[in-house]
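Both complexes below contain chain A, partnered by chain B and then by chain C.
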Partner chain A sequence: MFRYIYNKLKYSGFLKTMSNAGEQELIESKDDIELKTITGSLQSDLELIREVMGTSPDIKIHEFRYGENCEFKGAIIFVDGLVSNEIITDSILKPLKLYRNFNNYQQDSIQQTLDTVKQTIICAGEVTEKHTIGEVVESCLSGDTVFISDGFDKALVISTKGWEKRSINEPQTESVVRGPREGFTENFRTNTALLRRRIKSPKLRLDHLTIGEKTVTNVCVAYIEGVADPGIVETVKARLKSINTDSIIDSGYIEQFIEDHPFSIFPTIGYSEKPDVIAGRILEGRVAIISDGSPFVLTVPMLFVESFQSAEDYYIRPFFASLIRVLRYVAFFLTVTAPAIFIALTTFHQELIPTTLLFTISAAREGTPFPAFLEAFILVMSFEILREAGVRLPRPVGQAISIVGALIMGEAAVAAGLVGAPMVITIALTAVAGFVVPEQMDSAAIMRIILLLLASILGALGIALGLLGILNHIASIKSFGIPYCTSLTFHHNMQDSYIRMPLWSMSKRPKGIASKDITRTNMEIPPSPIYANIPDNK
Partner chain B sequence: MTIENSRISAGQFMFSIACFLHSSSLLTSFFVIITRNESWMPFVASIIICIPLIVSYVLLSKSYPGMNLIQINEAVFGRVAGKIVSALYVWFFFTLTSLNIRDLGTFVNKTTMVKTPISIIIILFLLLCVWSSYYGLEVVTRYSIVFLIISCVILFISIIAVYDLIELDNFLPMFDMPLNNYVQVSHIASTIPFGETVIFLMVTPYVDNAPKNLMRYFLGGFLLGSILILIVILRDISVLGNTIQYFSLPSFEVFRLGTLFQTISHMEIMFSILLIVLLYFKISVLFYVTMLAIAQLLNIRSYRPILLPCAALVVVYAFTAFKDVITHTKTAQETTPFFWTLFEILLPVLTLIVSFVKKKAKNKNNRKAVSK
Partner chain C sequence: MKKALRIIAAAMLILSSALISGCYDIVELDTISIVTGLGIDKADENGKVQLTVQVGKADAVGGGGQEGGEASEKAYQNLDSVDRNIVGALDKLLQDNSRTLFLHHNQVVIFGESHAKEGISDDIDALMRDLHSHLNVFVLISETNTSEIFNVEMELEKIPSVGITRMMRNKTEISEAFRVKMLELISKLSDDPCTAVLPIIKQVKEQDTTRLSIQGLAVIKDGKMVGKLTEDQAKGYAWALGKIKSGYLPVNTDKGTVELSIKPPSREMKVSFDKEGIPKIKIGIKARFIIGQIIGFDGLQLEEIIEMIQKESVNAVKDIIISCFKETQRLNADIFRFGCYLNKHHNKKWKKIKDKWDQIYPNLELELTVETQIIDTGKTSKSPKMVGGRLA
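So, the complex of A and B:
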């Protein structure tokens, strides 16, 4: 039998090497074409480009004549839909075809003619020279227009990017009552512009690189030089460069490729859809990673407390913000432990429940057929199913789902005596509290189930063991060299963890994250009101 | 080559000591049985007695900066004698770990999980300690402040809850016992909770700016922890009075008596939380220190491979050390303090003296060499 498996493996392995070899050859031949330089003969160049790009109908090759007596042959190549047609007509075709002053054109000064075309004729924002077919094809596919002409051994790449894009909307994941409402879009340039508009300092660096063999996704590392820790910036860049994959569809791909602890249930890379949040984090010394095609911008390093900091905390006055933040911690604790505590109390430690409450609970649980653990588990799971259904469903049906799922099913299950009402209340509380800390929602769901299991086996001891284990795990993980539980354990940066101190008291950037430029505000603490220019009416 | 690479801040070190000491507030029954409602007096005396002891620990650590206790032993007593002394210390750490985990098992078994076999509790807790020790000192001591704050909050709530049960008459009569009792209690108190801080000599080289702030933070942690225990003892005595001697867990009784808003009664669960959290911290520190000491003694590059085998030994030791709680309490009163005196008072002081003499001799030699 082993031999059979061995042979099978060998055979499939052999096949694999065979097919790989074929593929390799194909790629190599293609690479060869891409490495070829522009020859200067228009027909042969176009032939090569056609060979690389195929015959897709959206790839437009427009050949035309221009010059004083239409003596030059030229062509522009672009991808329909990625370019702005207005720019092509108004800034490339019209000027080229109407220009008549090629008097001093001679065969030996090709460069001069090219310079004329580049400098005086074409009216676009950015014109660069490219030499190889590969470069030409690449810029064509990213929305630029390529101009080649008979006799030139270079191609001009004219920036004409202009595809349809979504307008800047209020993000659906992080809505605020007070504060900026704009959100990132799928368009890379818009996102970097949104960031630049928030931080006008020239020290804001946007370091660019491309990832993905097939998708060739633009990725940009944004940080403020002198504020961000250079070590972290280097680590981020090194990890991004080490990504060797064919596709980056969303920034979520990048997150999974560069995170410190792929096996941890806790996210170690933060994300946000709001430019103000990202700008705030960059100003704290973090490094942002913007990826083309994704409205979610990543930030590293991420701390555990970051999940509890909402953007709005900083826009409203500190008192209510602190109250809300404490409530968030309580809600997180509840969403993780409430079902487990309920199970532990009802199955192991009934003596701890006040007597009247105990009577109520036991009366409610009297007719229910399942053990408490199973009941809780079914309810937790059905809640997750409901949530998932609510997210995926087409919007008009959502109402129906919430009514059928939440109201009828819950009500009917209690009325039919399948589950006890106290259990339904507990799970409902758990579910609602879970939405308070959206960034930790998935980790909370997993922890909840683990604790539920432990509580059903060992009661309160199980909960304690589980929680201590989770604390242990949080203490052990790091995000880009910064301990994940920084400022959770009362060592430093306490002004912005459990409560939000007034902005003027956060005069320093968080320790450990920012490197050199630590001071944030240089004001008297607390700021005293200044009265200036009040006319002195004596 | 160092076994431990992470560093902890001085504050973390201080709160670790305080938290470590505070966890002993659950074990007050050892000496409360002897002096009953007057226990706080010998306790205060032992705090005062222990201050010079702590100072001598710090001096010892300061005179050999960057070395832990095992390395100091080797440097002071030489290779063979040093190894023997270190082996004795390893046995001491090992025993402490086992005894504490046994205590934890017994207490949890008694207070919350009456029908669960102790072995399950012990094994699970020890696995947790193995997990935290695996990541090193930073993770082990990380939550010291959080745990300390939780325990302070619970202490505060419990005092409010039993406020109307407090009777100052319970402190009377004073000075009603033979002097021997006071001396015995001072001895127990200074060896069982306070002297155990000798284990932190294993950790001192890994504290940031170690030699400089050590005195302040070591003493600060010691005083913080001991004052918290004192508050616990005062609370227990003022509520229970002379009956305190009948309970093996006086704090547990106090929590049971307390009521908040006349609805939340039976606050034993709080005591259990406190007990589990604090003893978990204590045991993980002890276990970590034991592993560090063993690795240092045997010159192993890392203590990680020996974690699980040693945990198994600790479990076995915890079961075979004592037959039952009564034997344990009896031993803790009569035998253990004398054993521990060797490790906590005699040996460190001896080490300090030998190191001083050695240094003097060296200086003299140097001076002779210079004068020649």
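So, the complex of A and C:
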């Protein structure tokens, strides 16, 4: 269906004009200045840098003299706020200005002076040499400090990143009762560190690249070598490299640029805000994509069953976890179909409702002015509006909204006879059930409306057709080469789909995702209890 | 861009068609009245049928939380119409009503006795064909005009016809033989010896109030009601079929009376033929009882009582079966469906006697063997009247 619409759009020339317009805007040749190399003349170099960077007050250029008799002229360039002032004073300026032993070395060449500065004087963690103005500016803007000096045809880039960052908090989207509470932050390095802290194996690879002409966003592909399928890793990298855009603000941008089915309502790339979840997925053989500036880390490939798995499922014992997981499927089905089923039953198939229930429902329908479908549609829509309002508004106002929503929408509308109480109950159930599967919440909202429309036209037949269409669609889509429905059908390993088997029984990584290193646990199944220091455990 | 606009226009058309009109067979709940009972009687006018339709009022029945629907207000409405047949009568009602009659939730079909005596096959044909009536409804015969039955208010039920179905369900607890649904009736009426039974509903007038009671069975033969069985005979019918499930059997002896709680019996049936091909039916019933109450039996031990009543209960069971069998022989209606049994199991012999069955049945020989067993004495093996293990 979606492909059909896509084709229609394509033929209509709608897409073409859109994408053409985009391309023209995007492609912009690099400034010639940025390609120039450092000349060695401090004044002209600084001139060039000023020209590229403009005169923003946060760009600091500090010129000074150093050397035994202050014979060298130098300058550091940094962006205020992105750098750690302590590092600059303690590790760059102080040593440079106080160093007097240049004569101990043979000052044969400029290169050797540069080496002295680089190797002996500056006490920062990372010092690299850069040659072009463009590189210098880029390093500057990502928080490093650039040191240039008269006579040097190179610039030293000193790692001084140290901006204000949010501390590690408990994520608001995925809270757990039991399990780790830390969440990713907007800071790239913090995020990779959080991941490293969970997987200490040297095989954890963090492959780095930058995307975005203007934002120059650091993006990192994280996977475990030998566990992740190299094909998928390469695919991810290739797709990331193919992104040609000016900006990556959030990992959501990346998701939309690299997903398999941009016209599907189902997400084919998973995300999480929690390092433990991402670590778990990486250990299953998935590939994570960390993007600078976003606490949401992407994982691929994503399966449909993943939406129903919660981190907590693995931290609690399997029995309750399985029960909850089954309930999640039920809730998902309810949230997608409940309004449609209600409409189909009350407008087409009244004979299927038990007599007493029919009397109750029709008593509520008595005197309501709108057709049942319109009633349901209005309620579904107003719920979406309320939800949106609740999310966007500042918290104190949000409460007011929920009170207005609950009282006016529910109570008053029923009391005034505008909508029937059973309908309100159905929509409320739908709304509550929708929050159980957050990853599919947006797709569920769309499916709900489609099914509602179909049910109002064709009744149960419409629902059946709609569900068939949806099923057909999710069976046809893939995420990075892995069918979306893997683990949903009976010929795949289902140890972790409808119910969560005990951890010791999930001895293998999921088929299809992991490549070589398949074995996870290597112990007796089920593990027999071991007693130490108890001579006779009878 | 023109094409894109065209597509958007088409999408909006589809949307608006869904929003504005709905589908051709869409039925909004506030456009129907839910029929809960159908009554079919003989009209005063000759050859015409009176149809009584009971319609539940949603406002009064449901909507417990809503205001209105005062306690005094009736939760139902009875609509009458007289026409050439029930299809015509229904049609007439449809035209005279602000709402569509919704037959899917019909609970009972009641035939008036006078109408049933003239034949119900034609009405059943209509009900069978109608797309909107389902076949899972109870069918009953009423002694009086059905509109009277539908007007008897029940204390606990808001709609009489719904109450009648609940009464029928209780009746089923005693024996499934008393429960006749439309589908069963149709299949029985299309069998070879075309006989069926239908429960009888009647009004019982007490001082101020009238209440309904389902007592006895009406015997239908060839689509017509030919006679009635009393409640005891009806139980005999259930016994003979082995379909009795509960209830009490009083057993009288010289020393006293015992009420025996009936447990589902086992029953087997055999047929033997004499030289002329006249069948002889053998029915064996193994009954099981639990003692419900002991009255009398002074000075006897429990074991003696049990022995005594085990013997007597055989006669008690036989008596009610025979009484029922005799009545059906008198009415010449093979409600036990021996004919069907013969047709199924002794097809060749049945074909020879098929035409003479009406002559054979009134003189049919029935050999009845009953075994009884007291399986339990209830919660106690003692009695408040007992002294030293004997009843005082």
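By definition in this document, the second predicted complex is superposed on the first by the 497 of 538 C-alpha atoms of A that agree within 3 Å, B and C clash if a C-alpha of one lies under 4 Å from a C-alpha of the other, contacts with A are read in each partner's own complex, and residues count from 1 in each chain.
Note that in this section a contact is a pair of C-beta atoms (placed from the backbone, for glycine too) under 8 Å apart; a residue touches a chain by one contact, two chains touch by 3 or more.
Every value quoted in this text rests on a predicted model; they were computed, and no experiment measured them.
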| item | value |
| --- | --- |
| Clash-or-fit label for the pair chain B, chain C on chain A | fit |
| Per-residue contact with chain A, leading partner among chain C and chain B | C |
| Chain B versus chain C as contact partner of A:Thr347, first or second or both or neither | second |
| Touching partner for A:Leu471 - first (chain B), second (chain C), both, neither | first |
| Which of chain B and chain C A:Ala372 touches, first, second, both or neither | second |
| Which of chain B and chain C A:Cys485 touches, first, second, both or neither | first |
| Which superposed partner A:Leu458 touches (first chain B, second chain C, both, neither) | both |
| Contacts of A:Ser362 with chain B and chain C, given as first, second, both or neither | second |
| Partner chain(s) touched by A:Phe319 [first = chain B, second = chain C, both, neither] | neither |
| Chain B versus chain C as contact partner of A:Phe435, first or second or both or neither | neither |
| Overlay on chain A, chain C to chain B nearest C-alpha distance, Å | 6 |
| Touching both chain B and chain C, residues of chain A | 348, 351, 458-459 |
| Chain B residues within the chain A interface of the complex | 9, 11-12, 108, 112-113, 116, 120-121, 124-125, 128, 131-132, 135, 138-139, 142-143, 145-146, 149, 263-266, 268-269, 272-273, 276-277, 280 |
| Sites on chain A touched by chain C in the complex | 8-9, 11-14, 17, 346-348, 350-351, 355-356, 358-368, 371-374, 377, 421, 453, 456-459 |
| For the chain C and chain A complex, residues of the former touching the latter | 1, 3-4, 7, 15, 18-19, 22-23, 25-30, 32, 34, 36, 56, 58-59, 61-66, 102, 104-105, 107, 134, 162 |
| Chain B-facing residues of chain A, complex | 348-349, 351-352, 354, 458-461, 464-465, 468-469, 471-472, 475-476, 483, 485, 488-491 |
